[in-house]
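Order as written gives the chain letters A, B, C, D and E; numbering starts at 1 within each chain.
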Amino acid sequence: MVNKHIQTNDFNLWFGNKHILHNISIPVYDKKITALIGPSGCGKSTLLRSFNRMNDLIPETKIKGKVMLFDDDIYKPKIDVTKIRAQVGMVFQRPNPFPKSIYKNVAYGLEIRGEKKSHIDEAVERSLRSAWLWNEVKDRLNDSAFSLSGGQQQRLCIARALANDPKIILLDEPTSALDPQSTAKIEELCIELRDKVTILIVTHNIAQAGRISDYTAFMYLGEIIEFGETKKVFTVPKKKQTEAYLNGVFG
Amino acid sequence: MVNKHIQTNDFNLWFGNKHILHNISIPVYDKKITALIGPSGCGKSTLLRSFNRMNDLIPETKIKGKVMLFDDDIYKPKIDVTKIRAQVGMVFQRPNPFPKSIYKNVAYGLEIRGEKKSHIDEAVERSLRSAWLWNEVKDRLNDSAFSLSGGQQQRLCIARALANDPKIILLDEPTSALDPQSTAKIEELCIELRDKVTILIVTHNIAQAGRISDYTAFMYLGEIIEFGETKKVFTVPKKKQTEAYLNGVFG
Amino acid sequence: MKSMKTFNEKLFKSITYLATLFTILCLGGIIITIFSEGLPILKYSKLNELFGIAWHPTSFPPEFGFLPLIAGSIIITIGALIIAIPFGIGSAIYISEIAGNRTKEIIKPIIELLAGIPSVVYGLFGMAFLSPFLIRIFRIPTGLNALSASIILGIMVIPIISSMSEDALSAVPKNLREASLALGATKWETIIKVVLPSAKNGVVGSITLGFGRAIGETMVVIMVAGGAAQIPSSIFQPVRPMTTAIAAEMGETVNGSPHFHALFAISIILFLITFITNFITEFVFLKRKN
Amino acid sequence: RGKKSTITIAGSTTVLPIAQATAEVFMDKNPDINISVRGGGSSVGIASIMSGTVDIGDASRHIKNKELAAARKSGINIVEHIVANDGITIVLNNSNTIDALTLSQLKDIYTGKIQNWKELGGKNMPIVVVSRDVSSGTFEVFNKLVLKNAKGLNSALMLASNNAVVTTISTTPGAIGYVGLGYVTDKIKAVSVDGVKATEKTIQTKEYPISRTLQMYTRGIPTGIVKQYIDFVLSPEGQDIVEQQGFIRIMDDKNK
Amino acid sequence: MKINKRKINQIIGINLLRFFLLCTLLFIIIFLYIIFSKGGKVISWEFLTQSPRKFMTEGGIFPAIVGTFWLTILSIAIAFPFGIFTAIYMTNYAKSNLFLKIVRISVNTLAGTPSIIYGLFGLTVFVRFFGMDVSMLAGSLTLAILVLPVIINNTEEAIRNVPADFIKASLALGATQKQTILRVIIPTALPAILTGTIISIGRVAGETAPILFTAATFYTRKLPQSVMDEVMALPYQIYALLTEGAHPEKQIPIAYGTAVVLLSFVLIVSGIAILIRYKMRRNRKW
């Protein structure tokens, strides 16, 4: 049995009065890729963002239950949220590099923590290599990040997250704004990264979930309907809704 | 053999210098549902909008080739564009009712043509019935259209298009902003409407194209890769790209 | 380490908070000033006298009837709006709906630029050019009157109305226009029946904003309106708007005299009028969100 | 105040041109002295002198008893210097047949009791009353000496400058107005008041009824550069400048 | 037939709109032409660099140029930090809706308050209460409060236009709120903040009513030595030349010349700002 990296226990979340997440209890296994699938608005992004407390930004968010990162409840009072976020990398749907140079983008997380320049230089190179971007950008680290193509920008965002040396990376539909080639590259990259970090990925593309993930969670209306190994969920879904969704009946 | 309602002949379209549509030659058959599928940005919407000259709104649009509506080239000089648009209904991705009452929305097309009130009343009821909305709104025709749910608004937009008594309706991803129930309802509605009008629908949802269309055209990078009966295209695609797309490898 | 970090965070937040309080304080200061210097007029003059029709602050006994001043302000402002509304909104519609991108990119900045022209320059134009011009055209004894002030103020307000209306029109979702055109409507029908009604709030908001600007304008009216404290019977007569009375008479009053307080009392009225129009603009028409 | 090298003057806008023009020539003669001249109004001038924020306060009226009392109470001795005479001429359009008016007729015209020239024996022609802006010093004099502070006609045209009055009168047949003596040209005609024509002489002697003096106030007897400046204004050279600015010089033998 | 009527409506309607726009442009052209053609004649090197002479009927307007320059710089320097910090508070920290609403109403009320009321405020508070007398300091403070809401509104908008994506990315990397503000939000919004501020420079330079009682003097030869000195200022000079003094025939051309200087300054400054903004929008990649 693999290790659990994250475990949620009866986790509930409200935006104001809207009950968005209902009694979520799933594990995220260490050094595996877990895919979160489900129709639009079912709460995939919200669940993902619960793992680094990005939902705190939304006013009137209430939660109940626990989210254990290793053995720490990240919602316990007086915890330093910035520390948790630094440990958990996050990549968004649209590539969102800062309007700074390529180098400054990757260095950002380290600079705000006041790391030494030499250490930063080294980490920038390492992260860009891990994100398969080093060769493409090594000669123009001071160019604006916007001079990169969409796919490169998304890999830059992955590199930026990797620079913090996170144990886990959350990806929210990372390829939905990309062309097929870039998509393929990011998928490969995910598989490659699996050796180093735990990956949780939200995707609308069922085929993608099938291709790259080890585990799949299917969500519907804020609940986890089914969770299991991808092979099993895709071939012999236990629930009717899962089957319907996989067959493209809705969404 | 069924009648052709629309036929394009070597139709090309440029936005400025960008060549968007390449030598498109497809028929749209009368009283059938034709689905246009393909990855994002391949030109589906642009092609659809060529059929009622909505692309004219985009500055620096150039075209070459013909689009025959029955036996009239809609791009021939000095043609009255408003007349063509009145004959061709169009429904957009996001429901876009006017900020007016339900009644005024449906009556809009007739009112601008100065039809008689009695005729308008009758047409409004008929269109709302055709769009399966009459029972839900008959007691509040003067309420704002925004008081309706998303799915109802989309059906209102269909009713609004139907009020002009068009021979053909163009739908651009009409369900992508809707929930499963509303989606199902609109799909059924399309099938029902097929008896009266020709339908051309753009969709991202491959399963949806399979469920409701008689013919399918697969587009890629501005070209029609494959066109044929839906059954055939879906089961034995002739082109590799079609197969790849249907299997969810890209998009 | 961590406490240092939180301290820094808190310090920064407090600085921004103090700056915000300062802003509120400025408004508070203005309100307190005009009310504490304006209300004492009630010691010298009854409220109904204050709303009398004669403004003779230097006669014996002085009369502090605000009505001629209020009337002057309102008449000029309405005149200005009558001029500015068709030109402002008309050009806004043209820029937003009809002009090509090229034209738009040239004209919009020009109109924005116009909004920045100092009012004293407009005043100069009115005094030295427009007023002699009007005398010749209409054969009137003075060109410094309600009409010329309205014209100048109107020209001044056009860019305000135009650029704000343009913003409102441009904010109308493209898909509404498309829906209308797709139903076979002409461009004109689309503009009149769909775009304008959808942008109604913003457009009306631009008018109330223009009203607020025009009624508070000082230099143009002090230079161009003629300055007679009367309720005019024609637009060719000079008027004395509130702002003129304040700016022109403040220097001649003895600090703390009834006249001094009366001028501050006028500023209260002026402030309330602009406050209310502003409030309506922001919260009724623009519905500014947080 | 030690070795002062600047003089600040504030007050009446009527006196402003005199102060400005004399200051300019004075500075040319004394390049290391700077004079700053600003308006504000007579009350501002007197108030500023009392508060000590300026060296010289200009006023087109005499200091009021109330103000003087307040100054005495705070131990300030305010000294008045009459620097010029100002006479206000009543002017009509050249086509008008009237040549003489009385003070009380003027008052009736400006309060609206008389509305047509024929009531005064002239043509049958409505009177167009032209006045100066309330904030102007000229209005102030007229208001005091002619209207005796009675309410003026609301519909009078209130013009911003002497020149505007001249232009308006010259182009409007039925118009009546008032300007400083220096502004009378042959485009308009001046009438006598109570039988006295406005001339330099009649104004200096106060024979002409609508005349006044313009003054500068200082705190105590001026010393140092302030004294130098005041002396310059009162000198023949200074008085020439006063005349250039459209006012009437003070009588040579009667220097205060 | 019906189609015809609709077509005619369309043609009439659109031409009416075109007429309104052309008239507006025509106003502008006539206006600028008159000011520049009448004032242009007066402009010379001497006019720009010398003090007024011969009772303001000759010489130049140099002290007024200098005065306006300092008034503008000082007031922007005072208002800028307050404006930025207030906008930061409003966009990032304000939690309570009520407080935010109060701030917003205050800012909007300040923005809509007539400038003459600022003049009264400056007179009562700075000139008299704080005893600053008529001085550059009193005038700058008054003008600073006048532009404060302009700077706040502009900065707030600039900050709100920073894509939420950037902020999220920064926070997700473990940055604190202050770090996110100082390293991501402000740098991203800076060009927009600065262009807005440049535009408000134009606004301040042209304001007359607030300095009538607080800073402006009619005539001085000396350039300001300290913030406690009163100064000549271009907009006030135009007003004074037209309404005071004894030689309108000589003063009006000078007023036109002064207007050309002021107008050129304002138009150039706001033109630059508009150009920057235009370029910025073009080049913006997000």
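Here is the rule we go by: a contact is a pair of C-beta atoms (placed from the backbone, for glycine too) under 8 Å apart; a residue touches a chain by one contact, two chains touch by 3 or more.
Keep in mind the model is a prediction, meaning the values are calculated, not measured.
> Considering only chains that satisfy the touch condition with chain C, which of them also satisfy it with chain D?
Neighbours common to chain C and chain D are E.
> Looking at C-E and A-E, which one has the bigger number of contacting C-beta pairs?
Top pair by contacting C-beta pairs is C-E.
> How big is the gap, in whole Å, between where the Cα atoms of chain A centre and where those of chain D centre?
83
> Just how far, in Å, is the C-alpha centre of chain C from the one of chain A?
That pair's centroid distance is 52 Å.
> Roughly how far is chain B from chain C, centre to centre by C-alpha average, rounded to an integer in Å?
For chain B versus chain C, the centre distance works out to 48 Å.
> At least two other chains touched by the same residue of chain C: list those residues.
Chain C, residues with two or more chain partners: 127, 186, 189, 223, 250-251, 255.
> By the touch rule stated above, which residues of chain E touch at least two different other chains?
6, 176, 213, 242-243, in rising order.
> Taking each residue of chain D in turn, which ones touch at least two of the other chains?
Within chain D, residues 13, 39-40, 160 contact more than one other chain.
> Which residues of chain C touch chain D in their complex?
Listed in rising order, the residues of chain C that touch chain D are 54, 56-60, 63, 68, 127, 135, 141-142, 144, 223, 226-231, 233, 237-238, 240, 248-255.
> Using the touch definition up top, name the residues of chain B that touch chain C in the complex.
Residues 52, 54, 57, 59, 82-90, 92, 94, 96-100, 108-109, 112-113, 157, 160-161, 164.
> What residues on chain A touch chain B, complex-wise?
Counting only chain A, the residues touching chain B are 39, 41, 179-180, 183, 205-208, 247-251.
> What part of chain E is in contact with chain D in the complex they form?
Chain E residues touching chain D: 52-56, 133-134, 213, 216-222, 229-230, 240, 242-246, 248-249.
> Spell out the part of chain D that touches chain E in their complex, as residue ranges.
6, 8, 10, 13, 16-17, 20-21, 23-24, 27, 34-40, 53, 160-163, 182, 244-246
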